[in-house]
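Letters A, B, C and D mark the chains in the order given here, with residues in each chain numbered from 1 onward.
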Amino acid sequence: MLYQSEMELEVRYYETDQMGIVHHSNYIRYFECGRGKMMDDLGLPVSKFEEYGFVMPVSSVSCKYKTPAKLGDKLRIVSRVEKEPMARVEVFTQIFNQNGDLICEGEVVLGFLNKDTRRPTRAPQEFVDAFKKAIVNN
Amino acid sequence: MLYQSEMELEVRYYETDQMGIVHHSNYIRYFECGRGKMMDDLGLPVSKFEEYGFVMPVSSVSCKYKTPAKLGDKLRIVSRVEKEPMARVEVFTQIFNQNGDLICEGEVVLGFLNKDTRRPTRAPQEFVDAFKKAIVNN
Amino acid sequence: MLYQSEMELEVRYYETDQMGIVHHSNYIRYFECGRGKMMDDLGLPVSKFEEYGFVMPVSSVSCKYKTPAKLGDKLRIVSRVEKEPMARVEVFTQIFNQNGDLICEGEVVLGFLNKDTRRPTRAPQEFVDAFKKAIVNN
Amino acid sequence: MLYQSEMELEVRYYETDQMGIVHHSNYIRYFECGRGKMMDDLGLPVSKFEEYGFVMPVSSVSCKYKTPAKLGDKLRIVSRVEKEPMARVEVFTQIFNQNGDLICEGEVVLGFLNKDTRRPTRAPQEFVDAFKKAIVNN
(Lines give C-alpha, C1' and ligand atoms only; values in the text may rest on other atoms or scores of the structure.)
Protein backbone atom coordinates (compact mmCIF):
# COMPACT_ATOMS: atom_id res chain seq x y z
CA MET A 1 0.00 0.00 0.00
CA LEU A 2 1.24 3.43 -0.92
CA TYR A 3 -0.82 5.68 1.29
CA GLN A 4 -3.95 5.64 3.47
CA SER A 5 -5.98 8.45 4.98
CA GLU A 6 -9.02 8.62 7.22
CA MET A 7 -11.70 11.11 8.13
CA GLU A 8 -14.94 11.23 10.07
CA LEU A 9 -18.17 12.64 8.80
CA GLU A 10 -21.72 12.83 10.12
CA VAL A 11 -24.74 12.10 7.99
CA ARG A 12 -26.65 15.29 7.14
CA TYR A 13 -30.44 15.42 7.11
CA TYR A 14 -30.73 16.48 3.46
CA GLU A 15 -28.63 13.48 2.44
CA THR A 16 -31.39 11.07 3.51
CA ASP A 17 -34.18 10.13 1.14
CA GLN A 18 -37.74 8.90 1.58
CA MET A 19 -36.50 5.35 2.21
CA GLY A 20 -35.13 6.82 5.47
CA ILE A 21 -31.51 6.14 4.51
CA VAL A 22 -28.67 8.07 2.93
CA HIS A 23 -29.32 8.37 -0.81
CA HIS A 24 -26.88 6.15 -2.70
CA SER A 25 -25.46 9.04 -4.74
CA ASN A 26 -24.16 10.71 -1.60
CA TYR A 27 -21.58 8.01 -0.92
CA ILE A 28 -19.93 9.00 -4.20
CA ARG A 29 -19.71 12.47 -2.66
CA TYR A 30 -18.38 11.09 0.61
CA PHE A 31 -15.68 9.32 -1.41
CA GLU A 32 -14.68 12.75 -2.70
CA CYS A 33 -14.61 14.15 0.85
CA GLY A 34 -12.27 11.30 1.77
CA ARG A 35 -9.99 12.09 -1.17
CA GLY A 36 -9.99 15.76 -0.17
CA LYS A 37 -8.85 14.81 3.33
CA MET A 38 -6.15 12.57 1.84
CA MET A 39 -4.80 15.45 -0.22
CA ASP A 40 -4.87 17.71 2.85
CA ASP A 41 -2.92 15.07 4.76
CA LEU A 42 -0.44 14.88 1.90
CA GLY A 43 0.07 18.64 2.10
CA LEU A 44 -1.42 19.34 -1.32
CA PRO A 45 -5.01 20.50 -0.74
CA VAL A 46 -7.39 20.23 -3.67
CA SER A 47 -8.01 23.99 -3.45
CA LYS A 48 -4.36 24.45 -4.51
CA PHE A 49 -4.49 22.15 -7.56
CA GLU A 50 -5.40 24.97 -9.91
CA GLU A 51 -2.45 27.05 -8.67
CA TYR A 52 -0.25 24.16 -9.68
CA GLY A 53 -1.90 24.20 -13.07
CA PHE A 54 -3.99 21.06 -13.12
CA VAL A 55 -7.46 19.72 -12.47
CA MET A 56 -8.38 16.12 -11.70
CA PRO A 57 -11.54 14.93 -13.43
CA VAL A 58 -12.99 11.58 -12.39
CA SER A 59 -12.77 8.97 -15.13
CA SER A 60 -14.68 6.17 -13.42
CA VAL A 61 -16.41 5.27 -10.18
CA SER A 62 -17.78 2.06 -8.75
CA CYS A 63 -19.47 1.42 -5.45
CA LYS A 64 -20.95 -1.61 -3.70
CA TYR A 65 -23.54 -0.84 -1.05
CA LYS A 66 -23.55 -3.13 1.99
CA THR A 67 -25.44 -1.51 4.90
CA PRO A 68 -27.48 1.69 4.66
CA ALA A 69 -26.25 4.69 6.65
CA LYS A 70 -28.83 6.67 8.61
CA LEU A 71 -29.29 10.05 10.20
CA GLY A 72 -27.28 10.15 13.42
CA ASP A 73 -24.55 7.90 12.00
CA LYS A 74 -20.96 8.99 12.37
CA LEU A 75 -19.08 7.58 9.42
CA ARG A 76 -15.41 6.78 9.04
CA ILE A 77 -14.06 7.13 5.52
CA VAL A 78 -10.88 5.25 4.70
CA SER A 79 -9.17 6.17 1.42
CA ARG A 80 -6.28 4.18 0.06
CA VAL A 81 -3.91 4.54 -2.87
CA GLU A 82 -2.04 1.37 -3.69
CA LYS A 83 -0.13 2.23 -6.84
CA GLU A 84 2.08 5.19 -7.67
CA PRO A 85 0.13 7.82 -9.63
CA MET A 86 1.10 7.99 -13.31
CA ALA A 87 -1.37 9.21 -15.91
CA ARG A 88 -4.08 8.23 -13.44
CA VAL A 89 -4.55 7.70 -9.77
CA GLU A 90 -6.78 4.99 -8.33
CA VAL A 91 -8.35 5.55 -4.93
CA PHE A 92 -10.04 2.71 -3.09
CA THR A 93 -12.46 3.87 -0.40
CA GLN A 94 -14.34 2.11 2.39
CA ILE A 95 -16.97 3.71 4.60
CA PHE A 96 -17.81 2.34 8.05
CA ASN A 97 -20.39 3.42 10.61
CA GLN A 98 -19.82 3.93 14.35
CA ASN A 99 -20.38 0.20 14.95
CA GLY A 100 -17.69 -0.78 12.48
CA ASP A 101 -20.21 -2.02 9.91
CA LEU A 102 -19.05 -1.66 6.33
CA ILE A 103 -21.51 0.77 4.70
CA CYS A 104 -20.05 0.65 1.21
CA GLU A 105 -16.80 0.41 -0.68
CA GLY A 106 -15.64 1.41 -4.10
CA GLU A 107 -12.97 2.66 -6.38
CA VAL A 108 -12.54 5.98 -8.14
CA VAL A 109 -10.08 6.56 -10.97
CA LEU A 110 -8.98 10.13 -11.66
CA GLY A 111 -6.94 11.61 -14.47
CA PHE A 112 -4.98 14.84 -14.73
CA LEU A 113 -5.74 17.70 -17.09
CA ASN A 114 -3.68 20.78 -17.72
CA LYS A 115 -5.83 23.55 -16.27
CA ASP A 116 -5.55 25.82 -19.30
CA THR A 117 -5.39 23.48 -22.27
CA ARG A 118 -7.77 20.92 -20.68
CA ARG A 119 -5.56 18.24 -22.22
CA PRO A 120 -4.56 15.06 -20.40
CA THR A 121 -1.21 15.23 -18.69
CA ARG A 122 0.87 12.97 -16.49
CA ALA A 123 0.60 13.37 -12.73
CA PRO A 124 2.16 16.78 -11.99
CA GLN A 125 5.45 16.74 -10.12
CA GLU A 126 3.94 18.38 -7.02
CA PHE A 127 1.38 15.61 -6.88
CA VAL A 128 3.89 12.78 -7.23
CA ASP A 129 6.20 14.47 -4.73
CA ALA A 130 3.40 14.75 -2.18
CA PHE A 131 3.02 10.97 -2.28
CA LYS A 132 6.76 10.31 -2.24
CA LYS A 133 7.28 12.56 0.74
CA ALA A 134 4.42 10.85 2.56
CA ILE A 135 5.86 7.39 1.95
CA VAL A 136 9.22 8.42 3.34
CA ASN A 137 7.52 9.83 6.42
CA ASN A 138 5.32 6.77 6.91
CA MET B 1 -45.55 43.21 -14.42
CA LEU B 2 -42.51 43.25 -16.67
CA TYR B 3 -42.16 39.61 -17.62
CA GLN B 4 -43.37 36.14 -16.59
CA SER B 5 -42.14 32.69 -17.51
CA GLU B 6 -43.25 29.17 -16.67
CA MET B 7 -41.79 25.71 -16.69
CA GLU B 8 -42.71 22.21 -15.55
CA LEU B 9 -40.53 19.95 -13.50
CA GLU B 10 -40.97 16.56 -11.88
CA VAL B 11 -39.79 15.79 -8.38
CA ARG B 12 -36.72 13.55 -8.40
CA TYR B 13 -36.26 10.73 -5.91
CA TYR B 14 -33.01 12.06 -4.45
CA GLU B 15 -34.72 15.37 -3.72
CA THR B 16 -36.95 13.75 -1.10
CA ASP B 17 -35.80 13.37 2.49
CA GLN B 18 -36.68 11.01 5.31
CA MET B 19 -39.83 13.03 6.09
CA GLY B 20 -41.05 11.66 2.73
CA ILE B 21 -41.23 15.12 1.16
CA VAL B 22 -39.01 17.29 -1.01
CA HIS B 23 -36.21 18.72 1.15
CA HIS B 24 -36.80 22.44 1.66
CA SER B 25 -33.42 23.42 0.17
CA ASN B 26 -34.43 21.98 -3.18
CA TYR B 27 -37.10 24.61 -3.81
CA ILE B 28 -34.31 27.20 -3.80
CA ARG B 29 -32.82 25.12 -6.61
CA TYR B 30 -36.16 24.88 -8.40
CA PHE B 31 -36.34 28.68 -8.24
CA GLU B 32 -33.05 28.72 -10.12
CA CYS B 33 -34.40 26.28 -12.70
CA GLY B 34 -37.31 28.66 -13.19
CA ARG B 35 -34.97 31.61 -13.69
CA GLY B 36 -32.96 29.56 -16.17
CA LYS B 37 -36.11 28.88 -18.18
CA MET B 38 -36.99 32.59 -18.04
CA MET B 39 -33.61 33.54 -19.46
CA ASP B 40 -34.00 30.89 -22.20
CA ASP B 41 -37.41 32.36 -23.05
CA LEU B 42 -35.85 35.82 -23.17
CA GLY B 43 -33.27 34.55 -25.66
CA LEU B 44 -30.32 35.02 -23.32
CA PRO B 45 -29.53 31.59 -21.82
CA VAL B 46 -27.54 31.56 -18.60
CA SER B 47 -24.88 29.46 -20.34
CA LYS B 48 -24.14 32.53 -22.50
CA PHE B 49 -23.79 35.02 -19.62
CA GLU B 50 -20.05 34.48 -19.36
CA GLU B 51 -19.62 35.10 -23.08
CA TYR B 52 -21.26 38.47 -22.50
CA GLY B 53 -18.80 39.08 -19.68
CA PHE B 54 -20.89 38.84 -16.55
CA VAL B 55 -21.99 36.48 -13.83
CA MET B 56 -25.08 36.85 -11.64
CA PRO B 57 -24.51 35.97 -8.01
CA VAL B 58 -27.54 35.70 -5.75
CA SER B 59 -27.65 38.40 -3.09
CA SER B 60 -30.68 37.21 -1.15
CA VAL B 61 -33.36 34.54 -1.13
CA SER B 62 -36.54 34.08 0.81
CA CYS B 63 -39.09 31.29 0.64
CA LYS B 64 -42.36 30.48 2.39
CA TYR B 65 -43.35 26.83 2.37
CA LYS B 66 -47.06 26.10 2.09
CA THR B 67 -47.66 22.49 1.02
CA PRO B 68 -44.96 19.81 0.78
CA ALA B 69 -44.20 18.42 -2.67
CA LYS B 70 -43.85 14.65 -3.00
CA LEU B 71 -42.39 12.09 -5.31
CA GLY B 72 -44.64 11.78 -8.34
CA ASP B 73 -45.60 15.45 -8.26
CA LYS B 74 -45.38 17.46 -11.44
CA LEU B 75 -44.60 21.00 -10.46
CA ARG B 76 -45.26 24.24 -12.29
CA ILE B 77 -42.76 27.00 -11.62
CA VAL B 78 -43.86 30.53 -12.34
CA SER B 79 -41.14 33.21 -12.32
CA ARG B 80 -41.95 36.88 -12.50
CA VAL B 81 -39.92 40.06 -12.82
CA GLU B 82 -41.87 43.18 -11.93
CA LYS B 83 -39.29 45.94 -12.11
CA GLU B 84 -36.76 46.79 -14.79
CA PRO B 85 -33.32 45.36 -13.91
CA MET B 86 -30.82 48.01 -12.80
CA ALA B 87 -27.95 47.10 -10.50
CA ARG B 88 -30.10 44.18 -9.39
CA VAL B 89 -32.91 42.06 -10.63
CA GLU B 90 -35.67 40.74 -8.37
CA VAL B 91 -37.40 37.51 -9.34
CA PHE B 92 -40.58 36.43 -7.60
CA THR B 93 -41.33 32.71 -7.95
CA GLN B 94 -44.31 30.53 -7.14
CA ILE B 95 -44.38 26.75 -7.35
CA PHE B 96 -47.63 24.82 -7.78
CA ASN B 97 -48.33 21.09 -7.92
CA GLN B 98 -50.53 19.27 -10.46
CA ASN B 99 -53.63 20.05 -8.36
CA GLY B 100 -52.92 23.76 -8.40
CA ASP B 101 -51.88 23.82 -4.73
CA LEU B 102 -49.31 26.45 -3.91
CA ILE B 103 -46.21 24.55 -2.75
CA CYS B 104 -44.08 27.57 -1.91
CA GLU B 105 -43.27 31.09 -3.01
CA GLY B 106 -40.36 33.39 -2.61
CA GLU B 107 -38.13 36.08 -3.94
CA VAL B 108 -34.56 35.99 -5.14
CA VAL B 109 -32.44 39.10 -5.69
CA LEU B 110 -29.46 38.84 -8.01
CA GLY B 111 -26.67 41.25 -8.78
CA PHE B 112 -24.30 41.53 -11.72
CA LEU B 113 -20.54 41.09 -11.58
CA ASN B 114 -18.02 41.70 -14.30
CA LYS B 115 -16.77 38.20 -15.10
CA ASP B 116 -13.10 39.12 -14.99
CA THR B 117 -12.84 41.80 -12.32
CA ARG B 118 -15.57 40.24 -10.13
CA ARG B 119 -16.70 43.79 -9.39
CA PRO B 120 -20.35 44.81 -9.26
CA THR B 121 -21.68 46.28 -12.47
CA ARG B 122 -25.01 47.54 -13.75
CA ALA B 123 -27.21 45.14 -15.67
CA PRO B 124 -25.35 44.49 -18.96
CA GLN B 125 -26.93 45.89 -22.09
CA GLU B 126 -27.68 42.42 -23.52
CA PHE B 127 -29.58 41.62 -20.37
CA VAL B 128 -31.64 44.80 -20.35
CA ASP B 129 -32.29 44.45 -24.08
CA ALA B 130 -33.56 40.90 -23.62
CA PHE B 131 -36.24 42.20 -21.27
CA LYS B 132 -37.08 45.22 -23.44
CA LYS B 133 -37.48 43.05 -26.52
CA ALA B 134 -39.71 40.66 -24.59
CA ILE B 135 -41.97 43.45 -23.37
CA VAL B 136 -42.46 44.75 -26.89
CA ASN B 137 -43.34 41.24 -28.05
CA ASN B 138 -45.73 40.60 -25.17
CA MET C 1 -32.87 -6.81 -24.86
CA LEU C 2 -35.84 -6.84 -22.54
CA TYR C 3 -36.77 -3.18 -22.38
CA GLN C 4 -35.41 0.27 -23.19
CA SER C 5 -36.57 3.72 -22.19
CA GLU C 6 -35.40 7.24 -22.95
CA MET C 7 -35.76 10.69 -21.48
CA GLU C 8 -34.36 14.16 -21.98
CA LEU C 9 -32.95 16.34 -19.26
CA GLU C 10 -31.22 19.72 -19.16
CA VAL C 11 -28.17 20.39 -17.06
CA ARG C 12 -29.01 22.57 -14.05
CA TYR C 13 -26.69 25.33 -12.85
CA TYR C 14 -26.22 23.92 -9.36
CA GLU C 15 -25.11 20.62 -10.87
CA THR C 16 -21.95 22.23 -12.24
CA ASP C 17 -18.81 22.50 -10.14
CA GLN C 18 -15.82 24.82 -10.16
CA MET C 19 -14.23 22.83 -12.99
CA GLY C 20 -17.08 24.29 -15.06
CA ILE C 21 -18.61 20.87 -15.78
CA VAL C 22 -21.34 18.72 -14.28
CA HIS C 23 -20.06 17.19 -11.03
CA HIS C 24 -19.47 13.47 -11.53
CA SER C 25 -21.85 12.48 -8.72
CA ASN C 26 -24.77 14.00 -10.59
CA TYR C 27 -24.67 11.43 -13.37
CA ILE C 28 -25.48 8.80 -10.75
CA ARG C 29 -28.57 10.91 -10.05
CA TYR C 30 -29.35 11.25 -13.75
CA PHE C 31 -29.20 7.45 -13.96
CA GLU C 32 -31.93 7.39 -11.32
CA CYS C 33 -34.00 9.91 -13.29
CA GLY C 34 -33.70 7.59 -16.27
CA ARG C 35 -34.87 4.62 -14.23
CA GLY C 36 -37.80 6.67 -12.94
CA LYS C 37 -38.84 7.45 -16.49
CA MET C 38 -38.51 3.76 -17.39
CA MET C 39 -40.84 2.78 -14.56
CA ASP C 40 -43.30 5.50 -15.63
CA ASP C 41 -43.20 4.10 -19.17
CA LEU C 42 -43.81 0.62 -17.77
CA GLY C 43 -46.90 1.90 -15.96
CA LEU C 44 -45.47 1.34 -12.49
CA PRO C 45 -44.19 4.72 -11.25
CA VAL C 46 -41.65 4.64 -8.45
CA SER C 47 -44.03 6.74 -6.33
CA LYS C 48 -46.35 3.71 -6.29
CA PHE C 49 -43.74 1.14 -5.19
CA GLU C 50 -44.51 1.62 -1.52
CA GLU C 51 -48.22 1.06 -2.16
CA TYR C 52 -47.26 -2.29 -3.64
CA GLY C 53 -45.26 -3.00 -0.50
CA PHE C 54 -41.67 -2.80 -1.64
CA VAL C 55 -38.70 -0.48 -1.90
CA MET C 56 -35.73 -0.84 -4.25
CA PRO C 57 -32.39 -0.04 -2.69
CA VAL C 58 -29.38 0.21 -4.96
CA SER C 59 -26.82 -2.53 -4.40
CA SER C 60 -24.11 -1.33 -6.74
CA VAL C 61 -23.29 1.37 -9.26
CA SER C 62 -20.55 1.86 -11.77
CA CYS C 63 -19.96 4.68 -14.20
CA LYS C 64 -17.36 5.49 -16.83
CA TYR C 65 -17.05 9.16 -17.72
CA LYS C 66 -16.26 9.97 -21.35
CA THR C 67 -17.08 13.62 -22.13
CA PRO C 68 -18.01 16.24 -19.55
CA ALA C 69 -21.51 17.71 -19.76
CA LYS C 70 -21.86 21.47 -19.42
CA LEU C 71 -24.45 24.07 -18.60
CA GLY C 72 -26.72 24.48 -21.61
CA ASP C 73 -26.44 20.82 -22.58
CA LYS C 74 -29.59 18.88 -23.29
CA LEU C 75 -28.92 15.29 -22.35
CA ARG C 76 -30.56 12.10 -23.56
CA ILE C 77 -30.65 9.30 -21.03
CA VAL C 78 -31.08 5.79 -22.37
CA SER C 79 -31.88 3.09 -19.81
CA ARG C 80 -31.89 -0.57 -20.71
CA VAL C 81 -32.81 -3.78 -18.93
CA GLU C 82 -31.48 -6.88 -20.60
CA LYS C 83 -32.41 -9.68 -18.24
CA GLU C 84 -35.70 -10.51 -16.57
CA PRO C 85 -35.76 -9.16 -12.99
CA MET C 86 -35.45 -11.85 -10.34
CA ALA C 87 -34.01 -11.06 -6.93
CA ARG C 88 -32.32 -8.11 -8.62
CA VAL C 89 -32.68 -5.93 -11.61
CA GLU C 90 -29.74 -4.61 -13.61
CA VAL C 91 -30.12 -1.35 -15.48
CA PHE C 92 -27.55 -0.25 -18.03
CA THR C 93 -27.62 3.48 -18.76
CA GLN C 94 -25.97 5.69 -21.35
CA ILE C 95 -26.09 9.48 -21.40
CA PHE C 96 -25.58 11.47 -24.60
CA ASN C 97 -25.46 15.21 -25.23
CA GLN C 98 -27.25 17.13 -28.01
CA ASN C 99 -24.39 16.35 -30.42
CA GLY C 100 -24.68 12.63 -29.83
CA ASP C 101 -21.45 12.48 -27.82
CA LEU C 102 -21.42 9.78 -25.16
CA ILE C 103 -21.14 11.60 -21.83
CA CYS C 104 -20.97 8.54 -19.61
CA GLU C 105 -22.31 5.03 -19.22
CA GLY C 106 -22.77 2.69 -16.36
CA GLU C 107 -24.72 -0.02 -14.65
CA VAL C 108 -26.86 0.02 -11.55
CA VAL C 109 -28.01 -3.10 -9.74
CA LEU C 110 -31.07 -2.82 -7.51
CA GLY C 111 -32.63 -5.27 -5.08
CA PHE C 112 -36.11 -5.51 -3.63
CA LEU C 113 -37.00 -5.14 0.03
CA ASN C 114 -40.32 -5.73 1.68
CA LYS C 115 -41.39 -2.24 2.73
CA ASP C 116 -42.33 -3.22 6.28
CA THR C 117 -39.87 -5.96 7.21
CA ARG C 118 -37.01 -4.41 5.21
CA ARG C 119 -36.03 -7.95 4.26
CA PRO C 120 -34.91 -8.92 0.77
CA THR C 121 -37.64 -10.29 -1.42
CA ARG C 122 -37.98 -11.47 -5.01
CA ALA C 123 -39.16 -8.99 -7.60
CA PRO C 124 -42.83 -8.31 -6.71
CA GLN C 125 -45.42 -9.61 -9.14
CA GLU C 126 -46.54 -6.11 -10.17
CA PHE C 127 -42.96 -5.34 -11.10
CA VAL C 128 -42.41 -8.48 -13.15
CA ASP C 129 -45.80 -8.05 -14.80
CA ALA C 130 -44.97 -4.48 -15.82
CA PHE C 131 -41.97 -5.79 -17.75
CA LYS C 132 -43.87 -8.75 -19.23
CA LYS C 133 -46.68 -6.52 -20.44
CA ALA C 134 -44.16 -4.12 -21.97
CA ILE C 135 -42.40 -6.90 -23.86
CA VAL C 136 -45.65 -8.13 -25.35
CA ASN C 137 -46.45 -4.59 -26.44
CA ASN C 138 -43.02 -3.98 -27.92
CA MET D 1 -30.93 35.34 23.84
CA LEU D 2 -32.21 31.91 24.72
CA TYR D 3 -29.54 29.64 23.29
CA GLN D 4 -26.58 29.69 20.90
CA SER D 5 -24.62 26.89 19.30
CA GLU D 6 -21.62 26.72 16.99
CA MET D 7 -20.06 24.25 14.62
CA GLU D 8 -17.29 24.15 12.04
CA LEU D 9 -17.63 22.82 8.56
CA GLU D 10 -15.38 22.65 5.51
CA VAL D 11 -16.58 23.47 2.03
CA ARG D 12 -16.92 20.34 -0.10
CA TYR D 13 -15.90 20.28 -3.75
CA TYR D 14 -19.33 19.30 -5.07
CA GLU D 15 -20.84 22.29 -3.27
CA THR D 16 -19.03 24.71 -5.56
CA ASP D 17 -20.50 25.75 -8.88
CA GLN D 18 -19.07 27.02 -12.16
CA MET D 19 -18.76 30.54 -10.71
CA GLY D 20 -16.04 28.97 -8.53
CA ILE D 21 -17.94 29.63 -5.30
CA VAL D 22 -20.29 27.67 -3.06
CA HIS D 23 -23.70 27.47 -4.72
CA HIS D 24 -26.15 29.69 -2.85
CA SER D 25 -28.56 26.82 -2.12
CA ASN D 26 -25.92 25.06 -0.03
CA TYR D 27 -25.94 27.71 2.69
CA ILE D 28 -29.56 26.76 3.34
CA ARG D 29 -28.21 23.24 3.91
CA TYR D 30 -25.40 24.55 6.13
CA PHE D 31 -28.07 26.30 8.20
CA GLU D 32 -29.64 22.90 8.73
CA CYS D 33 -26.28 21.42 9.75
CA GLY D 34 -25.99 24.21 12.32
CA ARG D 35 -29.47 23.44 13.67
CA GLY D 36 -28.57 19.76 13.87
CA LYS D 37 -25.50 20.62 15.94
CA MET D 38 -27.64 22.83 18.18
CA MET D 39 -30.05 19.98 18.84
CA ASP D 40 -27.12 17.66 19.57
CA ASP D 41 -25.78 20.22 22.04
CA LEU D 42 -29.22 20.43 23.64
CA GLY D 43 -29.22 16.66 24.11
CA LEU D 44 -32.09 16.06 21.69
CA PRO D 45 -30.56 14.95 18.39
CA VAL D 46 -32.72 15.32 15.30
CA SER D 47 -32.39 11.57 14.70
CA LYS D 48 -34.44 11.08 17.90
CA PHE D 49 -37.28 13.44 16.97
CA GLU D 50 -39.34 10.69 15.37
CA GLU D 51 -38.99 8.53 18.49
CA TYR D 52 -40.53 11.40 20.41
CA GLY D 53 -43.34 11.47 17.88
CA PHE D 54 -42.76 14.63 15.92
CA VAL D 55 -41.14 16.01 12.78
CA MET D 56 -40.10 19.61 12.19
CA PRO D 57 -40.86 20.90 8.71
CA VAL D 58 -39.41 24.24 7.70
CA SER D 59 -42.06 26.92 7.19
CA SER D 60 -39.83 29.71 5.90
CA VAL D 61 -36.22 30.57 5.15
CA SER D 62 -34.42 33.76 4.31
CA CYS D 63 -30.76 34.36 3.60
CA LYS D 64 -28.63 37.37 2.73
CA TYR D 65 -25.38 36.58 0.97
CA LYS D 66 -22.41 38.80 1.84
CA THR D 67 -19.13 37.15 0.79
CA PRO D 68 -18.85 34.00 -1.31
CA ALA D 69 -17.33 30.94 0.37
CA LYS D 70 -14.76 28.97 -1.61
CA LEU D 71 -13.16 25.55 -1.69
CA GLY D 72 -10.63 25.35 1.13
CA ASP D 73 -12.71 27.59 3.42
CA LYS D 74 -13.37 26.43 6.95
CA LEU D 75 -16.69 27.88 7.96
CA ARG D 76 -18.07 28.63 11.40
CA ILE D 77 -21.82 28.33 11.71
CA VAL D 78 -23.46 30.17 14.58
CA SER D 79 -27.10 29.30 15.30
CA ARG D 80 -29.18 31.27 17.74
CA VAL D 81 -32.66 30.92 19.19
CA GLU D 82 -33.93 34.08 20.83
CA LYS D 83 -37.50 33.25 21.78
CA GLU D 84 -38.94 30.27 23.62
CA PRO D 85 -40.34 27.72 21.13
CA MET D 86 -44.14 27.61 21.04
CA ALA D 87 -45.98 26.49 17.92
CA ARG D 88 -42.83 27.46 16.03
CA VAL D 89 -39.17 27.93 16.60
CA GLU D 90 -37.12 30.64 14.91
CA VAL D 91 -33.43 30.04 14.35
CA PHE D 92 -31.14 32.87 13.31
CA THR D 93 -27.90 31.69 11.69
CA GLN D 94 -24.68 33.42 10.69
CA ILE D 95 -21.86 31.82 8.74
CA PHE D 96 -18.29 33.11 8.91
CA ASN D 97 -15.12 32.03 7.12
CA GLN D 98 -11.69 31.43 8.69
CA ASN D 99 -10.91 35.16 8.41
CA GLY D 100 -14.00 36.14 10.33
CA ASP D 101 -15.75 37.49 7.23
CA LEU D 102 -19.52 37.17 7.33
CA ILE D 103 -20.44 34.82 4.48
CA CYS D 104 -24.20 34.99 4.90
CA GLU D 105 -26.92 35.22 7.50
CA GLY D 106 -30.54 34.29 7.67
CA GLU D 107 -33.49 33.03 9.58
CA VAL D 108 -35.35 29.75 9.43
CA VAL D 109 -38.76 29.19 10.99
CA LEU D 110 -39.79 25.62 11.78
CA GLY D 111 -43.08 24.15 12.92
CA PHE D 112 -43.93 20.91 14.67
CA LEU D 113 -46.02 18.11 13.21
CA ASN D 114 -47.25 15.00 14.95
CA LYS D 115 -45.30 12.24 13.23
CA ASP D 116 -48.33 10.02 12.60
CA THR D 117 -51.18 12.42 11.98
CA ARG D 118 -48.95 14.99 10.19
CA ARG D 119 -51.01 17.66 11.94
CA PRO D 120 -49.47 20.78 13.49
CA THR D 121 -48.77 20.52 17.17
CA ARG D 122 -47.21 22.71 19.84
CA ALA D 123 -43.53 22.23 20.60
CA PRO D 124 -43.30 18.78 22.25
CA GLN D 125 -42.41 18.72 25.93
CA GLU D 126 -39.03 17.04 25.28
CA PHE D 127 -38.16 19.86 22.93
CA VAL D 128 -39.14 22.65 25.31
CA ASP D 129 -37.41 20.86 28.19
CA ALA D 130 -34.19 20.58 26.20
CA PHE D 131 -34.12 24.37 25.88
CA LYS D 132 -35.12 24.97 29.51
CA LYS D 133 -32.42 22.65 30.79
CA ALA D 134 -29.86 24.36 28.58
CA ILE D 135 -30.79 27.80 29.85
CA VAL D 136 -30.40 26.70 33.45
CA ASN D 137 -27.00 25.23 32.61
CA ASN D 138 -25.84 28.32 30.71
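Note that in this section a residue touches a chain if its C-beta (ideal position, glycine included) is under 8 Å from a C-beta of that chain, and two chains touch if they have at least 3 such contacts.
Not measured: the values here are computed from a predicted model.
Student: Please flag the chain sitting at the greatest distance from chain C, going by CA centroids.
Tutor: Comparing chain centres, D lies farthest from chain C.
Student: So using the touch definition from the top, which pair is joined by more C-beta contacts, B-D or A-B?
Tutor: B-D is joined by more C-beta pairs in contact.
Student: Where the CA atoms of chain A average out and where those of chain B average out, how many Å apart are those spots?
Tutor: The mean C-alpha positions of chain A and chain B differ by 33 Å.
Student: What's the distance between the Cα centroids of chain B and chain D, rounded to whole Å?
Tutor: Inter-chain centre distance comes to 25 Å.
Student: Two or more other chains in contact with one residue: find those residues in chain D.
Tutor: 13-14, 19, 21, 25, 29, 32, 71
Student: Mind pulling up the chain B residues that touch chain C in the complex?
Tutor: These residues of chain B touch chain C: 10, 12-14, 29, 32-33, 36, 45-48, 70-72.
Student: Residues of chain C touching chain A in their complex?
Tutor: 19, 21, 24-26, 28-29, 32, 55, 57-65, 68
Student: Inside the complex, what are the residues of chain A that reach chain B?
Tutor: 13-14, 16-21, 23, 25, 71
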